[in-house]
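Each structure below appears as structure tokens.
First chain A sits with chain B, and in the next complex the same chain sits with chain C.
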Partner chain A sequence: MTDEITIEETIKGYNEAIFDTDRDRALEVVHEALASGMTPEDIVFKVVLPAMDQMIKAISEAFDTNLAQHYMTAQIADSVVTEMIPKFKQAPEVAGRVVIGSAEGDLHSLGKRIVIGCLRARMIEVTDLGVNVSPARFVDEAVAHGASVIGVSAMMVHTARGPNGSLGVRRILKERGLEDRIKIIVGGAPYRYDHELYKTVGADAWAEDGVTAGGVIAGLAEEVPT
Partner chain B sequence: MPALRIRTEVGPEQLSFAPGGSVADILRATPYPVRQPCGGRGRCGGCRVRVTEGTTGDLTVTERRYLSSEQVRNGTRLACQLIPAADLTVEIIDQAVAWRELRDDEYAPVSPPSVPPVLSAVPAGLGVAVDLGTTEIRVTLWDTVRGRRLGGCTGPNPQSAFGADVLSRLGTASWTGEDAAIIGRVARDAIGDAIGYVLRRAHLDRSDVGRVVIVGNTAMLALLTECGYDALLEPDNWAREIDCPVPDAGAWVRSWGLPSGTRVVVARSLAGFVGSDLLADVLATGMTQRSAKTLLIDFGTNSEIAVWDGTTLWVTSTPGGPAFEGCGTDFGVPAEAGAVYRVRPLAGSDGFDCDAIGDQPPRGLCGSALVDVVACLVRDGRLKKTGNFAREIGDDGVVVVGGEPELVLRKRDVDAFQRAKAAIGAGTRCLLEEAGVPSSGLERVCVCGAFGRSLDVPNAQWVGLLPGGVCLERFEMWGNAALAGCELLLLAPEGVTALDRARSNARLVNLARVPMFDDRFVESLYLEPARETRMTEGEPA
Partner chain C sequence: MITGMDRLAAAVRGEKSDRIPVFCNLLDQGARELGISLREYYSKGAHVAEGQLTMREKYGYDNVWSLFYVGKEAELLGCREILYATDGPPNVADFVIKDYDDIANLEIPDDISASPAFSEERECLRILRAEVGGTYPICAYITAPMALPAILMGMDKWMELLFLGPADVRDALLDKCREFFVKEMRAYRDAGADVLLYSNPFGSTDIVPMKFFSEKALPWIEKDIEAVGSQGVVYYCGGARFNKVIDVVLEKTGIGVYYLSPLDDIASAKEIIAGRGLTCGVINDIPLIDWSRDEIRDEVRRLIDAGMPGGKFLFGTLVMPLAIPEQNIRTMLEAAYEFGSYGRDAG
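Then we have the complex of A and B:
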């Protein structure tokens, strides 16, 4: 049994490890806290999720984070939460259901992986549809999984703006009368250069980066009645 | 309609415009486009004009950031930010079509072909080799009879105004057919212009030109010939050959003012994502003609990577972005006069000792200097391998060159560098793994691309841009190898046969379909020596 570790010390240690993208150190901090008696619930809700929100805040205030940090924030949070949930006294409620994929013609998957890690850490059920996903498949899978949000990632201008990306998903949602039940969020480089582009392609929201997207999607999932 | 007046080589020119667009927009489809290294997004400060007459609105935040107080006083503005409402007279400072002669150190260190060129293949004595790059165009003029280079020039590809990288440019072209025609024309006009420039410099006449050979990445060739550019947006086509025939060679030759019998050859690409520029690299370095296991990297906005294992040529490409060509970072410049190309730590202080091209005051950093700065800072601990500055430095970054303009490395520049180098580092690792060649087994590493010859190999290895575990003498700095390969194609017809052989021995690797690529990419973001390629038995390829 180690000495008593305060929650402040754990938060500080975990945040430093995240800033340094040091996965081993982050896991060590978490395990030390567990060993000293902190509950898995506190680790998730008082340490891991606030660290993610703090990263979002840092990103929005200034460009002082980088891709490696975003990626590791998501991966570390995901692995810690995955490890903690089975230790919870009571299984947590699913905070929402989301399907996510890269637009048709787009094979980029890194940004999507960051989003997925962040969503899992937030206890949102995510179905990864992979890359090069057609608009019809986005909608079919969303319906099949009871998802309230469709995430369409597009790293290239033509896959972001083209008719088989978000625009196609919007068209099918409209045709099938699903617009009240399913929201669309987009993300990827083209949206960073044109902050109004998400409206042009019929999306309900966009996010600057994968970590921020986790927060935005969690908000959207709460809005939509399931 | 109000008019924008500019002064050109041939006198004043008046361009009427509908208010609403920027000066860069107005100039885009004219013969006088302004440079747009960042694609007109207000991220580089490289599109300067000077207002000499007329009233303008206030400076934008972007302009205040990029222009010095002296520049503001003399009326300098950024063309992408300046939106005129009434008559205006400007002087273009950063012309898109501004040719300069290639320096000796920019040519690849190859001797002219030993086989005398066959006369019958070239109807007249002069030949032109063109390397059509995404960011830069390079052209050389040859006496094909004597096998002698008569001159060469380089200048920015004016298509940058339609997108800095390959995909955004293809996207713009595919959006409307009208844009595709303009994008094709500006490249052809630029080639014609460059040919005129080298001929003038050599005091030679257009009427003696008999052959023009063009190499480039597939997207550039598709946009040039206005052929197949929309197909390139479909991932399924990336591994297929995209045919880019010259639609009307007669019209091209006429627009260039060359004799009607001039042959124009656009060297065939290997596939959608591997162009004839890579094949030209292979030809120039002779990598497939020896048994030595070889890695070739051609650094550019779109970087190509090839591995020769002794029997098969493994090829891929990776869009790292233009950070190594002097764009995408705040202080980046192409390798032109005033560009810092080498940086060393200054003993006894935390400053730097810089070498600039042409002994001019430093204007910005080119790709090789960026590698040096990052390596120095990682070595002395001011920059951590994660890309974060040490806590005592904070987010203001590090001053590399003081004075006016002050060149500061900020965290976002480091991030751009990390992404570009990770794309190349991960691409290299994946390709070596696919080919089954461990990096320690490499006998030759050919470094190609504009910055290639001034790149410091130990620094590049230190930050993981080039593979570790390979000793210094195995590295060969080729510089513009694609241009050298294009020259071989121009001079020696047997080059075409060698090219066809290389083509039939090639195995394409589409990194987007390599499952390990994302993991390798994330690992490669770190500023540390590249990890040894793993050749574990049983690990899925």
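Then we have the complex of A and C:
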């Protein structure tokens, strides 16, 4: 029998590991907590998700966070949740469905990967469309998967602003009368340098970084009627 | 006639010229000047050189670039597929490193200057040196060893390897990238590049935690600069902020020029550098696409007012997207010449 570890100790240990980008330590904290009797549900909902929210809070308060921490937060959260879900007493409810990809002509995938990790940890079903995705494919896949949010990642100005990125997705949603059912979120470097750009490209929302995007998308998914 | 090199040299020495040096990083725009496609433009070093010379002459700024596009370095290491766009920079479309076995097989050319993949850059540099060598600084873009794997295997795969290991594979790749970096730096210097932009996002606390920077990134930066010397080297983190590390980088490497992020605070950077080097204040050029004339002038003035007092200051741009209207480029540059003029002191 392992000594009992309090939830506060687990949260503290996990958060410190995340901020230090130390995956091994984060997993160790989780496994120690599990061995001491904490439920997989508590690990996900009281440790992992609050840690993501704390990261978002730190970002919004201009506390020092960085890309490596965002990346590790997402990767660790994704792997812990993937390990814990099969141990849940009941399968968790799907909190929303999202398709995500990089805009046509854009081959960057890191930001998208961070967002996907964060969304999966939030019980959101994510379909990764990969890179260089056409506007028509974004919409077709969203319809096919019953997604209420399309995430369009673009790391370059021309792929963010061009007609085959978010603007193209908006055009098709409009033509097909899907605007009430499917929302668009954008992210990537150009949006960090121009906070109004998301409006120019016809998106409903944007996020400064992948971890924040997870929270914004979860909110959008809740707003859209199913 | 005062040249761009005169202005840069004066700024580095902390002396006044007619105005502060103004660097404008126009790249893809060269194809538009020549009336050819980006693919055709970048196929010949002579085109790139002509584009650079034409644009510098037309707008009057102080530098020229030997950089084609960032993926060019991946081509030197075996990348054979580049994705061209009509409205933006070319990108690496086929990663040289697809799995860890490819790292062991990655070959660094013995002499980059003699490498066929360098021939057009060499030609570009030959023309630039013949036309403006010694009068306008010739800039080269060199990705730091810690950042180079991002264009060889993709940023997400590199982050995974860098932070999660295996450590021996990571270190083997970093060693190869260092070897390439040293040779590449030599090739650019031999070909006549004066300003060597050392691009390293991992040297920014926007990208890595301070602990990682201090324990991992900084020792690599120190070794990089120790291997090539700091002459002409410019510290740049790909547009990410680095005010928090300037002091230690300056102290440990002796790099004398800092090309800030548009998101860095210029006055604070100048305070940290404290006359020990040249501060380059960088405009956020993405909103330049939509800004009005007044907005552009106000922003240029704000940056110059923050950086020019006390000298040792250069005004620069970041990536200058192709979508920026020509008129806005002119407005920005005219404002930089006007507000950056030392005659303004007397007026």
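Just so we're on the same page, the second predicted complex is superposed on the first by the 225 of 226 C-alpha atoms of A that agree within 3 Å, B and C clash if a C-alpha of one lies under 4 Å from a C-alpha of the other, contacts with A are read in each partner's own complex, and residues count from 1 in each chain.
Here, a contact is a pair of C-beta atoms (placed from the backbone, for glycine too) under 8 Å apart; a residue touches a chain by one contact, two chains touch by 3 or more.
Keep in mind the model is a prediction, meaning the values are calculated, not measured.
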Overlay on chain A: chain C relative to chain B, clash or fit: clash
Partner chain(s) touched by A:161 [first = chain B, second = chain C, both, neither]: both
Partner contacting more residues of chain A (chain B vs chain C): C
Which superposed partner A:36 touches (first chain B, second chain C, both, neither): neither
Partner chain in contact with A:134 - chain B first, chain C second, else both or neither: neither
Which superposed partner A:23 touches (first chain B, second chain C, both, neither): second
Touching partner for A:54 - first (chain B), second (chain C), both, neither: neither
Partner chain in contact with A:105 - chain B first, chain C second, else both or neither: both
Which superposed partner A:200 touches (first chain B, second chain C, both, neither): second
Chain A positions touched by chain B in one structure and by chain C in the second: 19-21, 64, 66-69, 71, 105-110, 113, 132, 156-158, 161, 193
Of all residues in chain A, those that touch chain B in their complex: 19-21, 62-64, 66-69, 71, 105-110, 113, 131-132, 156-158, 161, 193
Complex contacts: residues of chain B adjacent to chain A: 41, 163, 167-168, 170-172, 174-175, 233-235, 384, 386-388, 395, 411-412, 414-415, 418-419, 512-513, 518, 521-522, 525-526
Chain A residues touching chain C - in the complex, by the definition given at the top: 19-21, 23, 64, 66-69, 71-72, 75, 105-110, 113, 132, 156-159, 161-162, 189-190, 193-194, 197, 200
Residue ranges of chain C in contact with chain A within the complex: 83, 85, 87-89, 91-93, 154-156, 159-160, 163-164, 204-212, 239, 262-263, 284, 286-287, 289-290, 319, 321-323
